[in-house]
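Input: a single structure, listed below in structure tokens.
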Amino acid sequence: MDALALLESMMLIRAFEEALMRRPDHGFQLLSSGEEAVAVGTCAALTSDDTLLSSGRSIGPALARGLEPGPVMAELLGRTAGPCRGRGGRGHLAQPSAGYFGAHAVVGGNLTIAAGVALAWQAEGRPGVVACIFGDGACGSGALHEAMNVAALWKLPLLLVCDNNGWSVSTPRAEALAPERLSDLAAPFRMPSATVDGMDVVAVRDAALALAAHVRSGAGPAFLECVSERFATHSTATRETRPQAEMAAILARCPIRRHAARLEAEGTLTEALRAGLERDVADTVADALRYAESAPFPDVADALRDVV
Amino acid sequence: MSSETTPPVSKLFFAEAIARALHEAMSRDPRVIVLGQDVGRYGGPYREFSGLHAAFGGRRVRDTPVAEASMVGLGVGAAAAGLRPVVSITYMDFLLLGLDPLVNYGAKLRYKTGGQLGAPVVVKTTAGARGQGVAHSQCIESWLVGVPGLKVVAPSTPADAWGLMHAALQEDGPVVYVDHKRLFPTAGELARDAVPVPIGRAVVRRRGADVTIATHSYMCRVADSAADRLAALGVACEIVDLRTLAPLDVDTVCESAARTGALVTLEEGQLACGIGAEVAYRVREKTGTMRVARVGALPAPVSSNPVLEAASVPGPDEVVEAVRGLLRP
Amino acid sequence: MSSETTPPVSKLFFAEAIARALHEAMSRDPRVIVLGQDVGRYGGPYREFSGLHAAFGGRRVRDTPVAEASMVGLGVGAAAAGLRPVVSITYMDFLLLGLDPLVNYGAKLRYKTGGQLGAPVVVKTTAGARGQGVAHSQCIESWLVGVPGLKVVAPSTPADAWGLMHAALQEDGPVVYVDHKRLFPTAGELARDAVPVPIGRAVVRRRGADVTIATHSYMCRVADSAADRLAALGVACEIVDLRTLAPLDVDTVCESAARTGALVTLEEGQLACGIGAEVAYRVREKTGTMRVARVGALPAPVSSNPVLEAASVPGPDEVVEAVRGLLRP
Amino acid sequence: MDALALLESMMLIRAFEEALMRRPDHGFQLLSSGEEAVAVGTCAALTSDDTLLSSGRSIGPALARGLEPGPVMAELLGRTAGPCRGRGGRGHLAQPSAGYFGAHAVVGGNLTIAAGVALAWQAEGRPGVVACIFGDGACGSGALHEAMNVAALWKLPLLLVCDNNGWSVSTPRAEALAPERLSDLAAPFRMPSATVDGMDVVAVRDAALALAAHVRSGAGPAFLECVSERFATHSTATRETRPQAEMAAILARCPIRRHAARLEAEGTLTEALRAGLERDVADTVADALRYAESAPFPDVADALRDVV
């Protein structure tokens, strides 16, 4: 994925979320704003052979993975035109046919599932990588340990990507996790790991490419920690606990502005180009909203469909 | 001037009632501590731990990692060693991660050590649907009811939230305290001289001669709405709030059902092997034959989708229909 | 010379029946793999995986770490991605460690993805008491029965062990396959032309006109012993082996109970919110009034102590007593 | 604990288990034979301020901790004179009043419980150390990760002792656990750790003393891995999978003979002294058996006692 595409992908996520937030009918959402570079950089290292799993903070990962914004919007607004027919919602968004095995809203819950997907792929001799994005919070859970151990033992094609935004709801990472760097957790299992600046999409992509290459080679799992910032509250239904002054500094670290500035400095991005991207993204989001709005809510009888 | 200046009751919200009970218990008993995600400065996802961190500090009100297995294990182990921990498991769905220490250790500890140790831990958790989807909406109280050594309480009013928390903190063994997302913002009264609610005692919330509705937690409010509607149709419902699910106060339900001659059980969780099946069995065991209907969730997961959620968990409509079906001659 | 030289049935032990079904399924379907502790060269704690490692190798018959959460997660995830894993959780007590991936993910996967994904995993686990103590003896089938999206089977004979394993491996979603420590060494017959046992179909094991005993798994044998004793007293028991607990074949129980006019439910697990409560409810729902008694464990943990274990789980004595109590005029 | 006492303690465990094995009525047992040095060396580092938890392989830990052999034997034989009134048995043997908080037969199940005990002790300002002995098998479980993280974060007085006998039933440690050394698992949590020869009681004791001193100082948890050998089958009810030739080499590593040889070489142990110890130990075991035999089985009514 080239540098402009990285920018556009991040811009799309931001614009999508902003549009979603303007609606009164989204229930509540866990936004990826601020963390776009983690999703986009990771997905830039994935091919159509690969699949992605994520936590319930799913908008960034889903869009970065290339899901159509319209169906994603429909899913988040509870419409049947969503890939899960509007029943998965933010926490359980999934479109395996598009390389997104899905979100799972149980913290840490997708880690052993992802290892299982990787096991199936290994058994079937498929070439792909199974990538799983999870938060720093999930690093406290035993599931990470169990998944890392078995993935390392069995050399599963699993790329673990920790989107360390420094918070689990109101709890700072330092008060929840003893390791100095979260990627240190991979060391006992003798898997390659890296900690990168999660606000720098190029750094994320390059590290993800390197680690994915290791995984792709059949040598087993790898662990990538991306240190990021959460721009919004934990969810749109939760209170902000960070002081305003701190928030200003956090928002100043915007991964989109940072990447755009780099491209401008390099001469890759012009004002016109940027305006064009902004228009494209806005159009895409507007289309997505129209697509979603035109779709119905599920029927009551749907409540008993696809149970077993 | 006179004592009447202090009103005999105070008004408070459900979430406040929990915080108040904990504040009182923690003031009185240094062994009480709180462990949970975001229970500290944040005050809990529903503000139900509000003020405790400020009052008692970070060593007695501890934010934990997102690691429910260890949270329950820590609570059970600390209880066995002399503390009286309250462990907050945000949603009951996540209690699945902590069932091993709770069920395989805590609930069996007194028995397996021949009385040498016990685990007086209170696991406070929140059940029920409110737009949060398949893994954040479940009601699995019925599982816990069949675990020897566990007690299970489920308040439906602020007064009971307060009274059952105090009672749970006085137990010698583990208690699971189940509240409900939709109850936190509800208000109610608490008498200044209130005493702990005895564990194992149901209460009649509404009197009526035609049918008994036995239920608990948020479904008490659903039952009440249904009863209002039925009253308009000339049917008088008696509502028994079970309050404690283990031990279950079958006598109170039996007395009521014997009076009304018909019993509807109502729960938000699944019917199969549920609370209703148990209540129905035990009531019939005592009363002989009894007309019974049960109401619960559809046999399906609970989606965050508003249409599907509303369809899958019981509301007043389903209760009205069940009562009318039962009373139809 | 003639086809009669091949006997139409073979004799085999329960443990062998499991291994045979798996061997056949693995030969036919490369997607079937086995994951579990000591399932490889060792052949499983009860030799129920005997020969599979030799036949299919270590990549299809994998020993796992002692880490049940990941074992179930791996199985569910691999199932969702196209395999048909059999995950062996040695004792049902340890399934508590794996309930999050099973219940919060696997059982809800088809629903939450709107049918895009399913998780055809078979979680095979062993319930019941046989001298192993409080955390190795539990029967928690009733919990699983109330989980939408899960099926639960519990064979009591080698033929059903074979037939239900085959059936489970043909499902589109997760199945929990519950066997029992005391069944592995029991023997039985399997027809050469046997076909998978349909999931959701109970079977009448013994005919009798006086009372129906509805039960499953090892308790079928206990029921049979009790029936022998009761026969000597002039009471003819009909025994319905439920075989599948979810979905539950209520019709077969109803037909039998309608004939005999009396129903005793028998389970090794706890009574509260148990299988018996559910069966009793649903039978009465269909048959109107029905005399019912239920038999299950004492409300206490199950000690490894032989005296206490025998006292706490039901045996023929308790069944005989329940039947006589029920039939007493 | 002096060198002779270490020897005697190990001899007692061995003799106790041999006597128990001669009985037909023990149900089945998980023996500590071969692993005596781990239990004895660990307990030599504990004081009466401390408490011990263990896995279901409990005979060595219980006797090493100083529990009366008579009641322990009674417990294992299901008699009411056991500390748990005969209802805990091998898997759940406990006598907290004697500094043995207890066994727990769920693999890894005592780890977070032990952390909870340590939390209580910290809260109460008690000076002791909470030691937890667990097998290599338990290192695969997420509970270890969760317990280490929180113990490190909160500086809990927890000494984790891994009795790595190289097997989980029939599964070799190398096929179940990816780390090179199991003590590597402690590194990300920044707690001190060591791997020692678990067949050398002095090495175990010295390492346990050093790590317990760290824990006692209030600096937080520590992790000790003791590499040992299991002399018997996993339990007396399970099949042996190790070839006979291998077994001979394993049995030759006896920690008792090794320590005795050292003491003989040093001149601390004479033939007469050793014969005396053997007699003492035999007498103790004979007394324990008599004590246990003279006690009744529980009454049936006991099945409903002490449930809640």
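So that you can tell them apart, the chains are marked A, B, C and D in the order they are listed, and the count of residues begins at 1 in each.
Assume contacts are C-beta pairs under 8 Å (C-beta built on N, C-alpha and C of every residue); 3 or more make two chains touch, one makes a residue touch a chain.
What you see is a predicted model, and the numbers here were worked out from it, not measured in a lab.
Common partners of chain A and chain D, by the touch rule above, are B, C. Separating the centre of chain A from that of chain B, both taken as means of CA atoms, is a distance of 36 Å. Taking the mean of the C-alpha atoms as each chain's centre, chain B and chain C sit 32 Å apart. Chain centres here are Cα averages; for chain B and chain D they lie 41 Å apart.
Taken residue by residue, chain B touches two or more other chains at 64-65, 67, 69-70, 93-94, 97, 100, 104-105, 111-112, 133-135, 148-149, 299-301, 303, whereas all remaining positions touch fewer. In chain A, the positions touching at least two other chains are 86-88, 92, 104, 106, 109, 140-143, 146, 149, 153, 175-177, 307.
Taken as a graph of touching chains, this assembly is complete, with every chain in contact with every other. Looking at the complex, you find that chain A touches chain C at residues 82-88, 92, 94-97, 101-102, 104, 106, 109, 111-121, 123-124, 142-143, 146-147, 149-150, 153-154, 305-308.
Interface residues of chain A facing chain D in the complex, by the touch rule stated above, are 140-146, 148-149, 152-153, 175-180, 184-185, 187-190. Residues 69, 93-94, 96-97, 99-100, 103-105, 107-108, 111-112, 133-135, 140, 142-143, 145-149, 246, 248, 269-278, 280-281, 284, 289, 292, 294, 299-301, 303 of chain C are the ones touching chain B in the complex. Per the touch definition, chain B reaches chain D in the complex via residues 33, 59-60, 62, 64-65, 67, 69-70, 72-83, 85, 100-101, 104-105, 110-117, 148-149, 151, 172-173.
Residues 37-38, 40-42, 45, 63-67, 69-70, 93-94, 97, 131-136, 298-301, 303-308, 311-312 of chain C touch chain D in their complex.
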